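Chains here go by letter, A, B, C and D, matching the order in which they are written, and residues are numbered from 1 within each.
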C-alpha cells in the first residue's frame, strides 16, 4: 500500500450509516484503512468525528477511493480552493467537470466555504467570482465563459444525517415490501403530513391517471380542498380524466360509480379535452362554470399551482400542458423549491422526473401497485423514502380518512 | 370438406358466449360450419337453440373439432350410451379415458341421462351399473374393476350460462386490471356476499399469511365473528402468524401496531408453534385460554371449520396441519361441497389448490398484489371470477366496513 | 323491443371474430338481434355476409348499440353522406365530432366512398370538399373552417380480418404469458422479420435503455448493420448509454463486460452527453470519429433514421433529442408511415407513444420483463400483436442469432 | 447508559460487513458503543479483531442488543457453558429455547467448544452429554428428555466472512435487477459452476414446470447428461410435464416445437401420469422403454437422485411424489448435505423450501421472471446469492451453451 492520505468525517456518521458505507467502499475498491481517531458522540445530539488513513497500492486507485469517499462527506485534512475552468462555448464544458450529488454541497473559494445553490443530482457547479456565489446548473444551461468546477478539490459534501429518533421514514428506509401493516403505515404517513403542515412545510403530490381510474380522485380533491397539498405535478392524462369524470361521470370511458364501460365513453376524454380547448384553459373552464369539481377544480379554486408536463403519449393535449420537456423540468424545479415532502402516486414517469430534481433532504412517499416501479423510485438517492406497494384506489381514501381523524383529534 | 356431422346446442348460448367460442374453435382448427337452425330466445328467460353442420377435411380433424365442441356443450343429434371399460388394477385405467371439465356433466347410460356426481376438472368418470350412478374420481383413486368412461360418446356437458342480468361477476369476467375504481368494486363484492348469505349460500375464504403481515387479520376475524364465512382454507403460515400476533403482538417478528421489528421477534413464530404443540391443538389452546383472539380463535369459537394444508416450506408445523397433501385435498373437497362463493386472498398455492376442486358454477373473488398471480388464478375455468389487484391490508378493512354499512342499511 | 334497424357486415366476419364480438356487444347493451341472412364463405378466400335486425327498447339504446357495431364494421343497409360541420376556430371543434378507430376507414361524400388518409386512433376526420379528400387529424391540429365529420352517419370502418392461415401473430393474439417456449417463439419472430423483408416491408424498432444495460446493444447494432431495421424510435437514455458504452465501456457507470460498477462511472453518462454537445450532434460525432461503434453509430453509418423523443426525466439531453413532445409525435408519425412491423423492446413510454400512431394493420412484437407493461401495450387495438415476457439481454442475442441462421439457410 | 458489557469479534469483520451491521443494530436499538480495540488485518488473509463496550439504559435493552449482536458472531469476553433444559415431552420444549441461524454454530459445553451439527435456520440445539455432541433439530422432532439449549449463553455463531477477492456472488450480493448485462452474467455463472465442479463441489437444481413450458427442458436434460447436476429438487408438475413432453410432444397440451395448443392436449398430462402409474414408477417407465428422454430420463440414466415433493395443487400425482410434506423436507435435507451450490429456476415454493434447509455457506443462484419472487428468495439469510430476473426459456439454453464453450476452452 504505497500511497495513502488522511481524511476526516464529522457529524452523525455512525447513525447515518456513513461509516459503514465508507468501510465497504474502501474494501470493495481494494484499498485499506487505519482508524486514527474515532470519537463517538456521547449524547444523541453530539456529532461524531473520525480521522482515517486511506491507503492503496497506486496513486490512481487511491484517487478513485477518495473520490468515492468524497461523495459520502469525507474530506482531506487540508482543503484547497476549487479548480475553476471557463466553458469554451455554450454547453461546451471543460473535461473532468465535477458532477454533483443531491446532498448539501459547499465549495472552497478564496479560502472560504460557500454553499452551492439549487443543488440537484448530476449537475455541474458554476462559480461567480465577483459575487462569490456558487450555483448548480444542468449541463445544457452552462454558458460560454461560466467558471465550472473541475475535479473534487475544494468541494465538500454534507452527507445527510439520519437523526437518532427514528421516524417512519427511517425505519422503512430503502425497503419495498407488500407485506407491511397497511393501515398502520397509512396512519403514520398521515401523522407525518400533519407534522410537516404544523411546521410550515410544503407538500407536493405527483400523481398518475390511475388515481382517477381507481376512483381515488375524490380523496385527492378533498385533500387539496382541505389544504394539505401545495403543488401538484402531473401530466395530461390525470387532468384530462379528472375533467372527463367531472363532465361525463366516466374515466377512460368507464363509469366510476358502477365500474362499467359507458356506451360511447371512449370519446369522452377527447370531448373533455375539446371543452377545455374551447375555454382556452382549465382556469377559464372553472371560472366559466364548465368544470365544477374534481382535482383540477380544487387546484384552481384554492390557488394551488400545478405543472402538467407533456409526454409523447399525450392525446390532445390540454392547453395547460407544457409541451417542451426542458421547460416542464424548469417549471417543476421552480415549484419543488422549498418542498419538505413529496407524495408520489401511481406514476413512474412523473415521479422519476420530480425525484431527479429533489435535494436529498426531502421526504418522499412512493405508492405504486408495481414493486419494480418502487424499486426504481427508491433508488434515486433520497435518504428519507418510503415505498408502499398499494393500490391508489384504496390507499388515498384511507389516507384522507386518517388525516380527518387525526386532525380532528389534534384540535380537541 | 369430406367429413361432416350435425350437432346441436341449447340454452343461453348467445349470452354465455358459447356460440362465439364455437365459431372460433371450428375456424381455428381448420374446419367449417353451416348454420342449419338458429333460434334466439325471444325473452330473457328463453333458451336459444342452434343446429349446425360441422365439416372437416378428414375424419380425424372432425373428431378433434367435435371433441372441443363437446366441452362447450355441443352434442350430436343422436347420442349413444357411454363406452365403459373396467380398470385393470388400482390406478391403472383404460387408455383414452374421458377427462372431465368442471361444468355440470351427464352420461347416457342404458338410454338414460344420469348426472355425474362430485364433478371437478381433470377427473375420470366411473359408472356404477347397479345403482346407475356416475361419479367423478381423480386418477389416483380409481380402483380395479371400476367402470371408467372412455371417449366422449354418451357424455354431455352443460356449459354454464351467463345470465342476461349482469352481476359484478359478469362485467368483470376474465379481466384483471389494477385500474378499476377500487371502492366501487369493494362495495359490489360486499353486496354479493350479503346476497349469497340472504339466499343461504355458503362462503369460503382462502387466505395467505400476508393477511396477518399487512394487519388485515382483525378485519377477517371480524368477518368470521359476524358470520360471513363458513369455512377457511389456509396453511401453517397464516395460522402460525395469527397466533403469534395474538400471543406476542408481532407477525414474522414485526410489531403490527407500529410496523417495526421487535427485538428477538424472529423467535416468536417458533414460540407460537411451541405453545400450540404444548396444548395439543389450536382448539385446546383456545379452550384453555392460551389463545384469546384472532382468526383461528374466531373459527374455533364459532365452530367454523378450517383446513390447514401442509406445504414443504412449513416451519413446525402446527399440530392441526394436514401433512399428507392428498389428505389435505380431500379435506378441502369435503368442505368445498355446497359453497356458492370463494374469496381468495393473497395466496397462490392454496388458491390454485382450492380452485382446482371447484365446479365452474362457484363464484370466485381473487385478491392479490401481483397481477401475474391473478392471471394464473383466473385461468382455471371458473366462469364467474373477479380478479382484483390490491393489497390485503387495505382491501379487507374496506370490505369489512362495507359489509357493516350495507348490512345496517338492509336492516333499516 | 320497440326500435329496430337492419345492418349488414361483409368480409371474414367469422374468422376475424367480428360476429362473436357483435353478438356479445348487443347482449351486453341489453339489445336483441335476429339473423336475417348469414352466408359463410365457402372457400378460405370467400368473404362471408350477414344481415341482422338489431332491436332495443328505446331509440337511444339502439343508437348506442349501432354506434358500437359501427366500430366493428357494421353498416346500415342504406348509408347517407357524412355530416360535416365547420370548426369555429382553431382547435374548437363541433360537438359530437366523430372519433376514429385505427382501422381502415371510409366516408361517404357526395354519394361516393372516399378513404380516410393517415388514419390513427382517436383522431377527427376532416373532409376537403374541393379535392374530395378525407384526412384524419388530431384534435389539436384542426383549424378554423375545417369541415369536421360529426356523428357516425356516412362513416364506414373496415374491421381488420384475420386471415385463415394462422401466422405467429394470430395464434399468440392477445395473450401475454411467460410460459411459452421461448426459443420456438424467437425462431418464429425471426421468420416473420425475414418474411417482411422479402416482401419489401418496413420494420421499426422502439427501444429502451435496458437494451444497453443488459448488454443487448451489440445484437441490436448488428441487426441495424445487417439491414433488418428501417427506423429507430427511442429516447435520450438509449442514445446516451449507447454512446457512453462506446466511449467508456460502461452503461450507467457499470462495466458491461464484467457487470461491475466502475469508479467514477456515475459521471460517464454526463461526459458522453458533453462530448456530443461539443460535437454538435450524434452525426458529427460519428463523422469526426468521436463515436466509433454502437447502435447510434450503425444508424448514422447506414442512413437509418431515428427519432429521439424528449421526456421530462431526461438528463442533458443530447442535441438530437426533440424537446417538444408534439413535434416528437409528428416525427414518429412521419417515419411510421409505411411500416409493416414494429418491434418494441423494454420501454413502456415510447412503445405506447408509437403504438398510438399505428394503424391496426401493423404487426407488433412487444418484449418486456414486466407482464403488466405488456398487458398495457397489447390493449391498444392492434390486431396482430405478440407479447413476450422476456429479458432484452437474452432475447435480442437469441433473435440476432436466429436471423443469421435462417437467412443463411435461405441463401442456400 | 447505566448498563454495559464488553464483547469481542474476530475474523474478516470489515470485509464481511459485520462491523457495519453491528454499529447499525446498536444505534437502531437505542444503545451506544465504545470501540476499545480495533485491529484491522494488515494482509488480505489476516483476520481483524475488535473489542467494544456496548451500553444501554436498562438491563433489558442491553440484553436485547447483545442477543442481536450474538447472531452476528459477537461474544462476551468470558463465555460460560450452555444452559440445558430437558424437554418435558415429545415436541414440548422448554420456554426461552435458543433458535438457530443458518451460520456455523458452536456451543460451549463442559468448558469446550463443540460444533453444532446439521445446522439450519430456526432449529433448536440439542446436546447429547455422553457423546459430547450438539445437533440442530426442528421443533417437531425434539423428543422427551432431549437436552435443549435455552438462551444464548454458551452459544457462538460464526458469521460468514466475505472473502476479499470478489467473486460473482459478492458483487451481485443482495441485488435483484433486471437491468444487468445478461450474457455477461450467464458466462460468470457458467464459470462458477465449472469452478465448483473442479473443486469436487456438489450442485443441486431446484426447478419448476416453466422449464418445460418455455422449452428449456432440453438444456437442463443436457446439463444432467453432461454431469453438471448432482441432485434435482422439484414437484409433480415438472416431472409430469417433462414426461408428457417426451410421450406426446406437448407441455400442458401445447406443442413445444410450434408453440401451438394441440387438439385434446389438455388430457396429455393425465395420460402421462397414467402411464407412470401403470409402470409403477418413473424408473420402471425408463427401464421398460416407456420414457425415452427428458429431464427425469437423464436423472434415472445417470443415477442422479431427485426429490419430487408433493403439494396440494398436484394432479395425480406420480407414484414417485412424496405426499407427506415433512417426509419430503427430510428427503430434501438428506440430499442438500454437502451441496456447495444450488441453482433455483422458476419455482417459488420449492426454492423457499430448499432455501430453508441451506446453511448460509451454500452459493445460490435464483432465476425467475418475477422480481418479487427473487426478493423473497434472496431474503433468506444466504450470504452468497445471485438473483436474476430472467426467463427460464432463454436463460437455460444460454447457460448450457456457455458451459459447453467454457469447458471446451478449459480442455485445450
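Here is the rule we go by: a residue touches a chain if its C-beta (ideal position, glycine included) is under 8 Å from a C-beta of that chain, and two chains touch if they have at least 3 such contacts.
What you see is a predicted model; the values in this text were computed from it and never measured.
Q: Going only between touching chains, how few steps reach chain D from chain B?
A: The least step count works out to 1.
Q: Report which interface contains more C-beta contacts, comparing B-C against A-C.
A: Between B-C and A-C, the larger count of C-beta pairs in contact belongs to A-C.
Q: Which chain has its C-alpha centroid farthest away from the centroid of chain D?
A: Most remote chain from chain D, centroid-wise, comes out as C.
Q: Based only on mean CA positions, could you tell me how far chain B sits from chain C in angstrom?
A: Result: the chain centres lie 38 Å from each other.
Q: Taking the mean of the CA coordinates per chain, how far is chain A from chain B in Å?
A: Chain centres of chain A and chain B, defined by C-alpha means, are spaced 45 Å apart.
Q: Using CA atom averages as chain centres, what separation in Å is found between chain A and chain C?
A: 33
Q: If I count partner chains per residue in chain D, which residues reach a count of at least 2?
A: 178, 371-372
Q: Think of each chain as a node with edges to the chains it touches; is that a line, ring, star, complete or other?
A: Basically all the chains touch each other, so complete.
Q: Using the touch rule from the top, collect the residues of chain C that touch chain B in their complex.
A: Touch list, chain C to chain B: 14-15, 17, 19-21, 23-24, 27-28, 32-35, 38, 40, 164, 166, 177-178, 371-372, 375.
Q: Across the complex, what residues on chain B touch chain A?
A: Those residues of chain B that touch chain A are 168, 171-172, 178-186, 188, 210, 213-216, 251-252, 254, 256-260, 369, 371, 389-395, 397-398.
Q: What residues on chain A touch chain C, complex-wise?
A: 29, 64-65, 67-68, 91-93, 95, 97, 99, 122, 138-140, 263-264, 266-267, 270-271, 273-274, 277-278, 309-317, 323-329, 332, 348-350, 352-353, 356, 370, 372
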